[in-house]
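Some structures to go through are shown next.
First subunit A sits with subunit B, and in the next complex the same chain sits with subunit C.
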Partner chain A sequence: MATMKCLTRAGLLVSRGRLLSTLCCRNIGKTYPKTTSHIFSQNLFKNLQKFNSRQFQPSLSLSTDTSSQKPTKKKPRTVKVTFVDRDGDEITVDAKIGDTLLEVAKEYDVDLEGACEGTLSCSTCHLIVDKNWYEKIPDFLTEEEQDMLDLAFGLTDTSRLGCQIVVSDAIDGIRLKVPTETRDIRNL
Partner chain B sequence: MSWYISAVKCLSRSFKSNNAALSGGRRGLTRIAIVGSGPAGFYTAHHLIKQCDDVRVDIFEALPVPFGLIRFGVAPDHPEVKNVINQFTTLALTDRCRFIGNINIGTDININQLRSYYNGVVLAYGAEEDKTMGIKGEDSYGVFSARSFVSWYNGLPGYENLNLNLSSGDTAVIIGQGNVALDIARILLTPLDTLKETDICSHAVDALSFSKIKKVIMVGRRGPLQVAFTIKELREMTKLPQCKTMIKHKDMLPYKDIISELPRPRKRLTELMLKTSSDGRDISNDDNVLELLFCRSPMEIIARNEITKGIKLEINELIEDANGGNTTAVGSGEYETIDCSMVLRSIGYKSRNIDPEIPFDEKLGIINNSKGRVVNNGTTINGLYCSGWVKRGPTGVILTTMNDAFETAGSIIEDNKNGMLPSSNTARDILNDIKGFEPVLFEDWLKIDEEEKRRGELVGKPREKIVSVLEMLQIIKNNKN
Partner chain C sequence: MASLNYLSLLQNSLRSLRIQREACISLTNTSIYRFKSTLSSDQRDLIANGPSLDDFVSGNAPSTPEELKRKKRQRLPLPNWLRTEVPKGKNFHRLKEDLRRLKLHTVCEEARCPNIGECWGGGEHQTATATIMVLGDQCTRGCRFCSVKTSKAPPPPDPNEPVNTAAAIASWGLDYVVLTSVDRDDMPDGGAEHFAETVRQIKKRNSSILVECLTPDFRGDLKGVETVALSGLDVYAHNIETVQELQWLVRDPRANYKQSLSVLEHAKTVKSDLVTKSSIMLGMGETDSQVLQALKDLQSSGVECVTLGQYMQPTKWHLKVKEYVTPEKFKFWETVGNKMGFLYTASGPLVRSSYKAGEFFLKTVLRERQGKTAADNVQ
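Showing the complex of A and B:
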C-alpha cells in the first residue's frame, strides 16, 4: 500500500513538473504579449525542472486516478472548475486532472499570482473555497499550508492555497473565489 | 481597506475596456520610470504593464544587479522565496520594460531631470538605513546592525569585509523579535554543511567556520503576544538540527487560557510558542540554543576597551491600554546584565531622502503620499509616485509589498486615464543623454548571472555571488569585447 502511494506521488511529480513548465512558458506570452526572448523560456524550463525535482512537495493525501497521470498522447481528462474573479465575474474552465488550481488559473489567465511558483513559500495564490466544496477537497490541509495562509489577506474559514489543491474527479464543479478583501499582516 | 478593492476594480475595468480609456489623456505611449529594482519596483512595473498596453517602464537601479532585497535580503536558505525572480526576469525581457542598472538616482541624475523624460516617476528605493538603539556603548566593537549582517552574508557590495567577531565568545544577543532577527539567528546556528549548499557568500562561510557562537538570545521589549516574526519562520527554527529553541514555560503560562480568543494567525503562533516552551532541562551542552527573552529593553552595552562584553537590559512591565488594544512596555527600574561578545540590533529599517525635491517625513521615514501619489503640503505632485517600504514603512512580507505596488500602479493608471500625468519630453531616450555613466542593461546582468551560476557550480551551490561592482562591470566589458 505504501509503495502504491509512493508510486502515485512520483507519477504526479513528473506529470506536474511537465505541465507546470509548459504552462508557465505558455503564460509568458499571454501575460506580456510582446515577449521577445526565447532563451529565457528555456532557462525557466530548466529552472522549473530543477525545482520540481528538488523542492516541490506534493500534498499528503491524493485520491486522483493514477492512470490519468501517465503521459499519453490522448487528450487529458478535465473537470469543470469555476473561479470568481475580483470583479465578481465567474469564469468556468476545463481543468486538467493532475494540475494544481494555481496551474489552472495561470493557464486560463485568472488573476492569481503564485510568486513562489507553488513551493509553499508565499500566500499569493490564496483562494476562498465555496463552503459546500471545502470539505470535499481530498488534499489534506497541512500545518505548513496553514502557516502560509495565516499571512494571507482576507483569510476565511474556507481559505486554501491554489498550489496545494490538485484537480481530480472529487472536485468536479468546484467553485472558488479570488479574495478581494484585505487584512494587513501588521494588524496581526 | 477599500483602496484595494477600488484599485482592483479600476485595473480590471481598464483591462476589460481593452485599454481604450487609458490613452484618453494623451496620444502615444506613456513612459514611466521606477527608481529601485526590488519587489516594490518590479511589482509596480508588473501591474502597469499587465494592465495597460500603452505603458513603457524603465526600472532604475543604483547597483549593476537587479532585484533588491530578493537578492540581498531573503535568506540564502530560503531559495523558494526567490522564485519570484523568474517572473520579474520574464517582465524585464519584454520590450515594454527596461532595466537600467548602475545609475544612482539622486546622485547621478536628480529627480527633476528624471521627471523631464517620463510622464510618471515611481520612487521604490526601499529603506537602506537602520534604526539605532541610542544607548551608551553602541559604538563598541561587537555591535552590528542586522542590516549589515544580512548584507554581509548576502553579498551586498561594500559589506564583504565586515569584521565580525564570531570567535571571541559563545553568546550573541539580538535586539528585536522579527523575521530578520530569526534569519540572523538561523544563519548563526545552522550547521555549516547545510549553509554551504545555499547561495550564501563564500566569505560568510569562511568566517562562520570559525564561529564559536552556540547561543543566540533574541530580546523583545514586549511579551509573547507582541512578537513580530511569523509562524513559518518560528516553526523552521524549532526544527533546526542540533539546535533547541528555548522559550520559558513560565513566560507562556499567563496566556494559556486566552489563546483561543486570539485572531487565527496570532492564535496559531502563540500555540506553537506554548508547545515549544519548556523549563529548559532538556537542553544539553552540545546543543546550539536560540532563546527568546521577553519584556527587556536595551540600556547599555557593557564594553571593555571599546570591545563588547555584555549588555545591560531593563526589565519591563506590560501595560494594556484601556481599550485592551495596545500593549506598551514600561521600565520597572530593575536591570539585568547578559554576558555576550556580540550584539545585533534588529529593530527596523529606515528610508532616507535621496533628493531634496521629495517631500519626506523624517520622523516616520517615509515619503508623504496618498495611495502612492506623492503629496507636498497637501498638494499632490502630478506624475510623482512612491511604492513599497519608502511609501508605507519597512514592514511586511513580499505579499504586502505586492499589494502595495498594486495600489500605486492603480493610482497611476487612474491618473493617466484622467489626463493627470505631465506630458514631458518622452520622445527623448534618457540612455542617449547619460553619457559618462555606464548603464547596465538586463542583458548585461544576464552575463553576470551566468558567471555567478558557473562559479557556484564549481563549488556545489546554486550561485556564487559576485560582490565587487568593479568585477561585475569587468565581466560585462569582457563579454562585449
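Showing the complex of A and C:
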C-alpha cells in the first residue's frame, strides 16, 4: 500500500512538473521574446525531474524487475449490458464494474439524459428494466428514488433510475429499455 | 320504492348543483374572471378557416440538408452560423463583478447561453444587458434541454434578492429588462410573490423601465400567474419550449403543453393590455406541421410575440441535437409568423426568448399601448 502511495505521489509530482512547465511556456514568449519556449520547457522539465528524484526514493518492492519503469495498468472488469434505445435499436456494451448505468450510457453514446447529473432530483435517466432482471438488481429501490420515479413519463412496474443502479456481476447480461413515447393518460 | 327515492334524491342534488353553478356564473360575470373565451367570433373564424401549412409551403419551404441531421453513432458538428466569439471586454467583466457582489444569478451563465458575449458586452448601439434569474440558481425540475442546476430541495430564496436585483438594474441604466426564474415546486406559491416583489422594486426605482418576465408555470396554479401578471410588468412571457408531440421528451413531466397555454391565456385574461410572449426551440426532431400547429395554438391563446431558436446541447448530460435548422428555414418561420398576424416574430438560430427583447419595435408598441390606456383612463 505504502509503495503504491509513493509511486502515485511521484507520478503526481512529475505530472505537476510537466503541467507547470507547459503553463510557463505559454507565457514565456511574452516576457522573454528571444527565448524559444521549446528549449525553456526542456530545461525546466529536466530541473524538475532532478528535483523530484532527489526528494523521492520510491521503494519499488512491488517488482524486482527494474527494467520496467511503469506499473502495468490493470484492465477494469466489465460485464455485458444491453440498452434498447428510443428507436428500438439494441446496443450491447461492456460496462465497467462500479459505474452507474447512466455513466455507462454516456460512455457508449446511448441516448440517455441525466439532467440533475445523478443527484436523484429528476427522472430523466428513467430506464425500464427487463422483467426477469428487475429482481436481480442489488441496488435497493429507496423512497427518494421512488419519489422521483413517480413523476416519470411512461412509468412501469419494472422502472428504475439509471443513476442509481451500479454495475456489478449480479447484473451481467441485463437488458434495459430507454422509455419512448406511449399513449400516456395525462396527454401531455 | 327505495330506488325511486334514491333517484329523486339524485335528481334533486343535480338540480341544486346546477342552480348553484348558474348562480356562481351570474355572480362572477361582473368580476374580472371569465369562463368563456376572450377571442371574438371573428377571430375564432379567422383561426379556424385561416391558412394551413400548404398555403405557406407550396413546395418552397426550405428543408434541412442531410449533413445537418444527426445520424446514429455520429457526432453532428456545429455549423458555422452557430459559432460565437469568446466573451471578453470591459463591460463583460464589470457586469460579472456586479452580479457576484450582489449574489445575483443569471440564466445567461446558468443555462450557458451562446449570446452571453454579445449581450453582456453590449454593442456599439446597445448597452450591456443580462437576464437576471431570481429565486436562486437551483431548479426543482429537470428538463432534458436545460443545464440549470437541478435539486430536490434548493435553499430558500434570498429575501434581499428583490431589492438587490432592482438596485443592480437601476445602476445599469437600462430601459428594458428581462427577468426570469427557476421552478420552485418546493414553495407553496411557487415563488410568485418573490417574483412579483422583484418587479415592484424595479418599478419603484424607475417607473419608466419596461419589464419583461419569463415565468414558470407555478404547477398550473393560476393564482401565482395572477400575482405576477398584476405586479406591474409589461410583457408576460412563458415558454412552451417545443411542439406538443415532443413535450414528453423535452420537458420535465411536471410541465406540459396545456398547462403552459393556460398560463398564457390566464395572464391575458387578468390584464388584457399585457403583451404575452412565448418561445419554441427547433432542432429536436419536430416536423413542420407540428411547429405550425404550435404557432396556431399560441395564437389561439392570445400570444402576441413568438421567438424561435435553435436548440443547442448545453452539456453531455442533456439531449443531443437532432438537426441544425438552417438560417433560411428560420427566415421562413419568421414569414409564417408575420403572415399569421403575430405582433412580433423573432426567428433565428441564436435567437432566445430574451435576446434583443427590448428592440425598438417592441418598445414602440408598448409605449403606444400604454399611451392608449392612459388616454382611456383620463376619459
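Note that in this section the second predicted complex is superposed on the first by the 109 of 188 C-alpha atoms of A that agree within 3 Å, B and C clash if a C-alpha of one lies under 4 Å from a C-alpha of the other, contacts with A are read in each partner's own complex, and residues count from 1 in each chain.
Keep in mind that, in the parts below, a contact is a pair of C-beta atoms (placed from the backbone, for glycine too) under 8 Å apart; a residue touches a chain by one contact, two chains touch by 3 or more.
Note that the coordinates shown come from a computational prediction; the quantities given were computed from them, not determined experimentally.
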Study note, to complete from the structure: Max touched-residue count on subunit A (subunit B vs subunit C) belongs to chain B
Check your understanding: In the superposed arrangement, does A:Gln164 touch subunit B (first), subunit C (second), both or neither?
Key -> neither
Check your understanding: A:Glu143 contacts which: subunit B (first), subunit C (second), both, neither?
Key -> first
Exercise for review: Using the touch definition from the top, say if A:Phe153 reaches subunit B (first), subunit C (second), both or neither.
Suggested key: both
Exercise for review: Could you say whether A:Lys106 touches subunit B, subunit C, both of them, or neither, answering first, second, both or neither?
Suggested key: second
Review point. For A:Ala115, is the partner it touches subunit B (first), subunit C (second), both, or none of the two (neither)?
Key: both
Check your understanding: On subunit A, what residues does subunit B touch that subunit C touches as well?
Key -> 87, 111, 113, 115-117, 119-124, 144, 148, 151-153, 181, 184, 186, 188
Revision key, fill the gap. Counting only contacts in the complex, subunit C reaches subunit A at residues 72-73, 140-144, 146, 149-152, 244-245, 247-249, 252-254, 256-258, 316-320
Point to revise | Residues of subunit B defined as touching subunit A within the complex | key: 1, 4-5, 8-9, 12-13, 16, 49-50, 53, 78-81, 83-84, 86-87, 89-91, 93-96, 230-232, 235, 263-266, 268-269, 395-400, 402-403
**Study point:** subunit B-facing residues of subunit A, complex
**Key:** 24, 28, 31-37, 40, 44, 47, 51, 55, 85-87, 111, 113, 115-117, 119-124, 143-144, 146-148, 150-153, 155, 180-186, 188
Point to revise | Residues of subunit A touching subunit C in the complex | key: 87, 89, 106, 109, 111, 113-117, 119-124, 144, 148, 151-154, 181, 184, 186-188
